[in-house]
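So, here come the structures, one by one.
In what comes next, chain A is part of two complexes: it sits with chain B in the first one and with chain C in the second one.
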Partner chain A sequence: MIAGLARPGTSPLHRTAAGTKLAALAIAATTLFFVDDSRLLAVAGAVALALARSTGASFAEIGRDLKGPALVLAVLGLADWWLVDGATALVVVLRLGAIALLAHAVTATTTTAELSEVLERLFAPAERLGLLDAARAALTVTLAMRFVPLIAEEAREIREAQAARGLQGSVLALAVPLLVKVLVRAQDLADAIDARGFPPDRPTSDTEPKTNLRPGSP
Partner chain B sequence: MTTRDISHVALMAAVIVALGLVPAIPLAAGVPITLQSMGVMLAGLVLGPKRGAAAVLVVVALVALGLPVLSGGRGGLGVFVGPTAGFLLGWILAAFVAGFLAQVLEATEKSTLVRTVQLTAAAIVGGIVVLYACGILWLAFFVKLGLAKAFMVSIVFVPGDVAKAIAAALITVKVRQAVAIERK
Partner chain C sequence: MSDMSPESAGSAPGSGDAGLSQTIVFSDVSVVRDGRAALDRVSIGFEEPRIGIVGLNGSGKSTLLKCIVGLVAPTTGTVGVDGRDAVREARAVRRTTGLLFQNPDNQIVMPIVAEDLAFGLKNHGFSKAEIADGVAAGLDRLGIAGLAGRRIHELSGGEKQLVALAGVLAISPKTVLFDEPTAHLDLKNRNRLRDVLHALPEQAIVVSHDLDLLADFPRVVMIEAGRVVRDGSAAEVLANYREASR
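Let's turn to the complex of A and B:
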């Protein structure tokens, strides 16, 4: 759903500036929260699906990427249908489905480096106030997005290994090795980033050569 | 912050997001019990006050960016004016308090049981007492539910959150035996 999902391409969305896409996503997600009409939400969902499809991803690919959120959505929809009513369930599922598709369209067409640059620009005012270091803050957010699929992947591996040994994993039996493993991987990644000379030095004068290094660049 | 700090903060933020993907158990009126609040406790207990709060801040930033990172695929600026906004913003303080208490309480070497109890207490004060205070005040005054009603609708979740606090403490003790992380 997020991160590590950027696909190369030349679709209109790929060519739109990352900042524009993120601003549009934030506005759309916020607006949809105040829409309670299921017909309007169905239109929004159709538009979102068309946008996700316009990135060049097939319906099958979109379905595969959004399998996790779809499952959550199905459970939530059934719960609302059962505990509240069908109309509420429809509104909730359509709204969240549309937002998930829009977010997918943005993340599928935005590379981590582009995202990092936008975040850095967003954090710049806070940096001028001395609140944070924009480059480091941007790196933290982009790393977090990258870590989500990594955690899911490691969880699956540990569960498979435990099943192979005939172990029935409890929550604790999965959580402890998983957290240890991803913490170690996070440390390794930090060391690798350090080895590449992050953060890039800021040019202090015009004569100083500017580096092309950007946090998150491959 | 060193690059390792950044990486740890990002990782715990990702853990909170990943826990939101675990299918939720629906409870009263469709409000689901999720594991995400356990992620907030874990961030504080494992990383300490400042970095724990920073991890939650990253999650809040992802929500603001419109990404569906909250349980049930919620996200976007709408969440910040919704009924659960107090709980979302309260997470930041919750992780800080849980991390601070963990730092203070678990200062000396003691038995695993004693440390688990200490960390459970830290998780309960931060992740339940402080968090619910934020969430209930928001419900009472911004959603205009009134203090009594806001208290009643929130209190249903306490037993589940106590179980999560115990689990978070158990996980933290074991994880910190395997990986050396300074709380700060």
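Let's turn to the complex of A and C:
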């Protein structure tokens, strides 16, 4: 799943609870790993594509969103074809392609906030055992989603700056300044999260206002 | 960038609405880090609707702002916000005092604009209905309702700064602290932010190197090596700061 790809909409998948969708995705993905018949996998892929389209996403948008996974899939397929045989490669590509499309359908209809709430509920038993703080654990996952594009952008900037100075292709030369930047950002971000009132107050009711203050207006 | 007018951002500039102001008191506050005083025995009060803070890099301006919301605990002394201790009662203080960071990318937590506004409201215990209302109202105030469903990483720097400010305003603070709010903005967005800032009914304490931004503030404070060295009208303090910076 790629967070932040949610599209507004009113499709049946949009109206389905996030927890239900995530559970269904997990069950479907697990089931597909036990299916080796390429005809069944092709049907699964077609169903997954129809689900992805039912969210309102066009073929072009789905293609753009799944460009990265498609590249990985192509490499895997070629490797299997070369190392094993064409039939195995087809099964692997169809299986992972169907899972990617299902994940896209869930992603396109699930906001990060909804996902975060599901994670908090999932982590709640561990919190009761004193193993972790559910809200913090869910926020950690959310932050990873928020900052992947930003860190990728920073890596690109560092690479460009280094290329301008004649340094190219050094993983270490990229990793060190990137790590420093991420650590500096982490401190500021931690302050910002604290300043914005995290961790949340425990909710009292979803229907009755907790305070008589109106949010969002002076 | 979405259309935004000063009118859309709130009521009259610097109105100092009695309900949207707090008394902030630093009592002999020192903050020592790595053997160096970031703030050095600062005693000062803030209650005006607009207060500017100037000083060279490393002079302690940002530390002063962070002390107000309890992000930095004084080594000695206390900071009070409407009678509440900024460290021991940080949660209550943060409910009425928002902080806008210099770099919006370090402040925006969620990947979608509307979700980020909801983040602060959820933290402060608002109900789901209140959060939905607050997000809509917060975006409307700054004229950026059209950005609600946008991904943060696709926004311009100016749009991100407005989203970060909308997130701060969404919780209806009495005071907003601005830490160099125009540092990452081009001229057009700097002017937009200035219009928004001047139109806010909330009390604003603004740290900035952008002296034009502070030019019509009723009070400006100059900090040097962790100490308050000037405190007066914008004309007087900014002239002195310009002279001292030559």
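FYI, the second predicted complex is superposed on the first by the 185 of 218 C-alpha atoms of A that agree within 3 Å, B and C clash if a C-alpha of one lies under 4 Å from a C-alpha of the other, contacts with A are read in each partner's own complex, and residues count from 1 in each chain.
The rule we apply is simple: contacts are C-beta pairs under 8 Å (C-beta built on N, C-alpha and C of every residue); 3 or more make two chains touch, one makes a residue touch a chain.
Remember, it's a predicted structure, so these values are computed and weren't measured experimentally.
Participant: For the overlaid complexes, name the partner, chain B or chain C, with more touching residues on chain A.
Facilitator: Chain A has more residues touched by B than by the other partner.
Participant: First (chain B), second (chain C), both or neither: which does A:90 touch?
Facilitator: It touches nothing on chain B or chain C.
Participant: Return first, second, both or neither, reflecting whether A:8 touches chain B, chain C, both chains, or no partner chain.
Facilitator: The second partner, chain C, only.
Participant: Looking at A:173, would you say it contacts chain B, chain C, both, or neither? Reply first, second, both or neither.
Facilitator: The answer is neither, since A:173 touches no partner chain.
Participant: State whether A:100 touches chain B only (first), chain C only (second), both chains, or neither.
Facilitator: In the superposition, A:100 contacts chain B only.
Participant: Just chain B (first), just chain C (second), both, or neither: which does A:193 touch?
Facilitator: both
Participant: Just checking: does A:182 make contact with chain B only, chain C only, both, or neither of them? Give me first, second, both or neither.
Facilitator: After superposing on A, A:182 lies in contact with chain B but is clear of chain C.
Participant: Once chain A of both complexes is superposed, is A:113 in touch with chain B (first), chain C (second), both, or neither?
Facilitator: second
Participant: Is A:145 touching anything from chain B or chain C once the two structures are fitted on A? First, second, both or neither.
Facilitator: Touch status of A:145: both partners.
Participant: Return the residues of chain A at which the contacts from chain B and from chain C coincide.
Facilitator: The answer is residues 139, 143, 145-146, 150, 189, 191, 193-194, 198 of chain A.
Participant: Would you mind writing out the residues of chain A in touch with chain C in their complex?
Facilitator: So the residues of chain A in touch with chain C come to 3-4, 6-8, 111-113, 139, 142-143, 145-146, 149-150, 153, 185, 188-189, 191-211, 213-218.
Participant: Name, in rising order, each residue of chain B that touches chain A in their complex.
Facilitator: Listed in rising order, the residues are 1-4, 6-11, 13-15, 17-18, 21, 23-24, 26, 28-30, 32, 42, 46, 54, 58-59, 61-62, 64-69, 71-79, 82, 167, 170-171, 174-175, 178-179, 181.
Participant: Help me check something: in the complex, which residues belonging to chain A touch chain B?
Facilitator: 1-2, 22, 25-26, 28-34, 68-69, 71-73, 75-76, 79-80, 83-84, 88, 96, 99-100, 102-103, 106-107, 133, 136, 139-141, 143-148, 150-152, 155, 171-172, 175-176, 179-180, 182-184, 186-187, 189-191, 193-194, 198
Participant: Note which residues of chain C are touching chain A in the complex, please.
Facilitator: Touching chain A: residues 10-11, 17, 20, 66, 69, 71, 90-91, 94-95, 98-99, 101, 103, 105-112, 115, 117-131, 133-138, 140-141, 149, 151-153, 167-172, 200-202 of chain C.
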